[in-house]
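Heads up, the next two complexes both have chain A, just with different partners, chain B and then chain C.
Coming up: the complex of A and B.
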């Protein structure tokens, strides 16, 4: 017990800065994932075959590749190719693009869950296709998929640890804990606090999502 | 584009036995995934059944266990176990591994990686199973009870056969995730595909031929895409024809997410 408190007291600034970086990374990735994911979902249900194919390829490629492979490609791979990308950009961008493929799949299932009558009613009220999508279908689709989006967010928070674990010079929570373990040689207390840090984020996200769900969920 | 497709940058693939070297590494990933899946399934069923137990302490304990492992980053668990796994256990593993296993799997470090993968995946699959069982109409269990079947018999003959069939697509999706997660053990220096890839591009001029990182990773990525695409098609094919209004169990990344069909 004493060991645990000592570990947090001795390493608080490092762990806190790692935690903060993890929070920032996750936030940026989340925004990227939502924006790109919505765009890809719209591609997937587009009326043109070519657009649908582009959406499908995006989803299959980003879901089929391990995140670690994507991260090394995006950082070391591009740098070796002469692209001056930094770890600060490559990490969150890769995590966001990876997660976007899942967002797209979830949203697509949400589109199908919105009844056909909704679309027809909107069109017969004189709204055009874009307006129907923007004001009628999308809001309902988002509300239907709050629970799976929440699960995905939890997965994304956990996946953010892979950024620090790969070659990227990112000092996130897990990386900071590992650095301090290397310095002190005592693994358990530091990994304990890192685990607590991640649990606050994952469990926190779950709780927030449950609240959003009771507030906005579409009941059928 | 010229950088990507220039034949000079792909020459490493046909030089020496680079391609074979990487393929051998990929086989290690598939083997770790297969072993991990078998053990995860074995541990997941009791966890799932405990999670729906009528006894509250059992249920709470199972849920806490499952939620704990599901909510931690897998990499954290892998790294922690790699540090604290006692030498005696590693040695026990090394002496127990069948001789026909590839060399990379003989190392005691694999035990830490496998344990972490199984702890995490069995929790996720237990949750998939629980959702599958709960998605069954309550009437099924009640009818079985009314017919005079005991709890065990209800589970064995009525609930599990139907509930577990519903979880098949989600489990196959989870296998995709597990497959991808096997690359994480490269971080604890197990000689799988990414470690092998790194030694190919690490020798900048392997036999006078340059192996750019991007190209090596594209080759490795293609291997994953082929296997995972096949698995994803399989998962889609296994989906039961949609029952109107029924909650469908689908694997999203590594979490269970019931999406209600309209």
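Coming up: the complex of A and C.
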């Protein structure tokens, strides 16, 4: 027990700075994932074949490659191609684009979960395509996608630790813990605190999702 | 499945099992007699010592680097793990009359590996220092490396004083984290898992310099001769083998093996093979004691 408190007291500034970087990384990645993911989902259900094909290629590429491979391509690959990208940009951008492929698939399934009859009813009431989407389909689709999006967000928070362990070497929470382990050899208490840090984020994400679920729940 | 087929399957499985058991026993005998002439006169140790336990197991698990030529690395031609540290590990295995079982130990997992028994011994370019000495025990130093800086040939960096504001790469968990924080406080550290990652980043220009032991940097120059060592020696890094904390008997045993290894031609042969032929430098085996090593590196 004493060992645990000593570990956090001795290494607080380092662990806190790692935690802060992890928070920033997952926040930026989450925004990118939602924005790009929605755009790709719209491409996937677009009426034009070319647009659908673009969406499909995006999903297959970003979902089909290991995150580590994407990270190295986005950092080392681009740098070798002459793009002076930094690890601080490449990390969250790659994690966001990777997660976006999953977001797109979740949104697409949510879209198809809304019965065809809903759309037909809306159109026959005189709403146009856009209005049907905004007022009838999306609100219902949103409700069904909250739980899978919450799982995805939790996975994304944990995936963020891959960035620091890769060639990008950013000093996120897990990395800071590892650096301090290297200096002291005291692995268990430091990794315990790193675990606590990740749990605050993953549990936090789950709690927010639960609230959203309750708010948009339909009592039947 | 009919009844007779079932029996046939059972018989076949029992036969296979019997063959495996016989084969496993056969291996054991091979292991005991393995290592050629050296093992014939090997001392058998009591089962309650680390040496006895290793002899019982038939192999010694030694944590070495897999990506640090010329000390511990995977030979791309043969896939074997080779290097100066690996030669020394083999000497310890021979002295016990057991097989060498190398396992990959990177800088930030090797101390936990010793503590939890994943490795019996660590020989992975590990500098003796007091921080680590509090967690594990060290053998006497078997090699002395010097801290240097590696830069691309066209770099403006000529020494430690030029590192301010520059990105300097070293391995997570290595002594250079502290060294650089003290000697070049304005440098921006990039801490990577493996030194091979530092080399990649230096080549693609996302770090400006690498700082670590000269032998590791020599290994990088062997791979890419446009790179060069600059500046004075930053540090003296006596390498020691890592031993589980408090295991005095094993520590004494390892020291005995090292003593013999340093005094006969094996140390010099291994040095020439892995370091000397590339650097053109000669070096005598170190006679530093563990106490002196701890005083040097603090």
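Just so we're on the same page, the second predicted complex is superposed on the first by the 215 of 220 C-alpha atoms of A that agree within 3 Å, B and C clash if a C-alpha of one lies under 4 Å from a C-alpha of the other, contacts with A are read in each partner's own complex, and residues count from 1 in each chain.
Heads up, the rule we're going with is that a residue touches a chain if its C-beta (ideal position, glycine included) is under 8 Å from a C-beta of that chain, and two chains touch if they have at least 3 such contacts.
Just so it is clear, the model here is predicted, and its values are computed rather than measured.
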Contacts of A:148 with chain B and chain C, given as first, second, both or neither: first
Contacts of A:187 with chain B and chain C, given as first, second, both or neither: both
Touching partner for A:199 - first (chain B), second (chain C), both, neither: first
Partner chain in contact with A:105 - chain B first, chain C second, else both or neither: first
Chain B versus chain C as contact partner of A:169, first or second or both or neither: second
Which superposed partner A:161 touches (first chain B, second chain C, both, neither): first
Touching partner for A:178 - first (chain B), second (chain C), both, neither: both
Dominant toucher of chain A (residue count), chain B or chain C: B
Chain B versus chain C as contact partner of A:61, first or second or both or neither: first
First, second, both or neither for A:76, with chain B first and chain C second: both
Doubly contacted chain A residues - partners chain C and chain B: 76, 80, 165, 178, 181, 187
Partner chain A, residues of chain B touching it in the complex: 3, 68, 70-76, 79-80, 83-84, 176, 179-184, 186-187, 194, 212-214, 217-218, 220-221, 224-225, 228-229, 232, 250, 252-262
Residues of chain A that touch chain B when the two form their complex: 60-61, 63-69, 72-73, 76-78, 80-82, 99, 102, 105-106, 109-110, 112-115, 144-145, 147-148, 151-152, 154-162, 165-166, 174, 178, 181, 187-188, 191, 194-195, 198-199, 202-203, 206, 220
Chain C residues touching chain A - in the complex, by the definition given at the top: 107-108, 111-112, 115, 131-132, 134-136, 169, 172-174, 177-178, 190-193, 197, 200-201, 204-206
Chain A residues touching chain C - in the complex, by the definition given at the top: 75-76, 79-80, 84, 86-87, 165, 167, 169, 171, 175, 178-179, 181-187
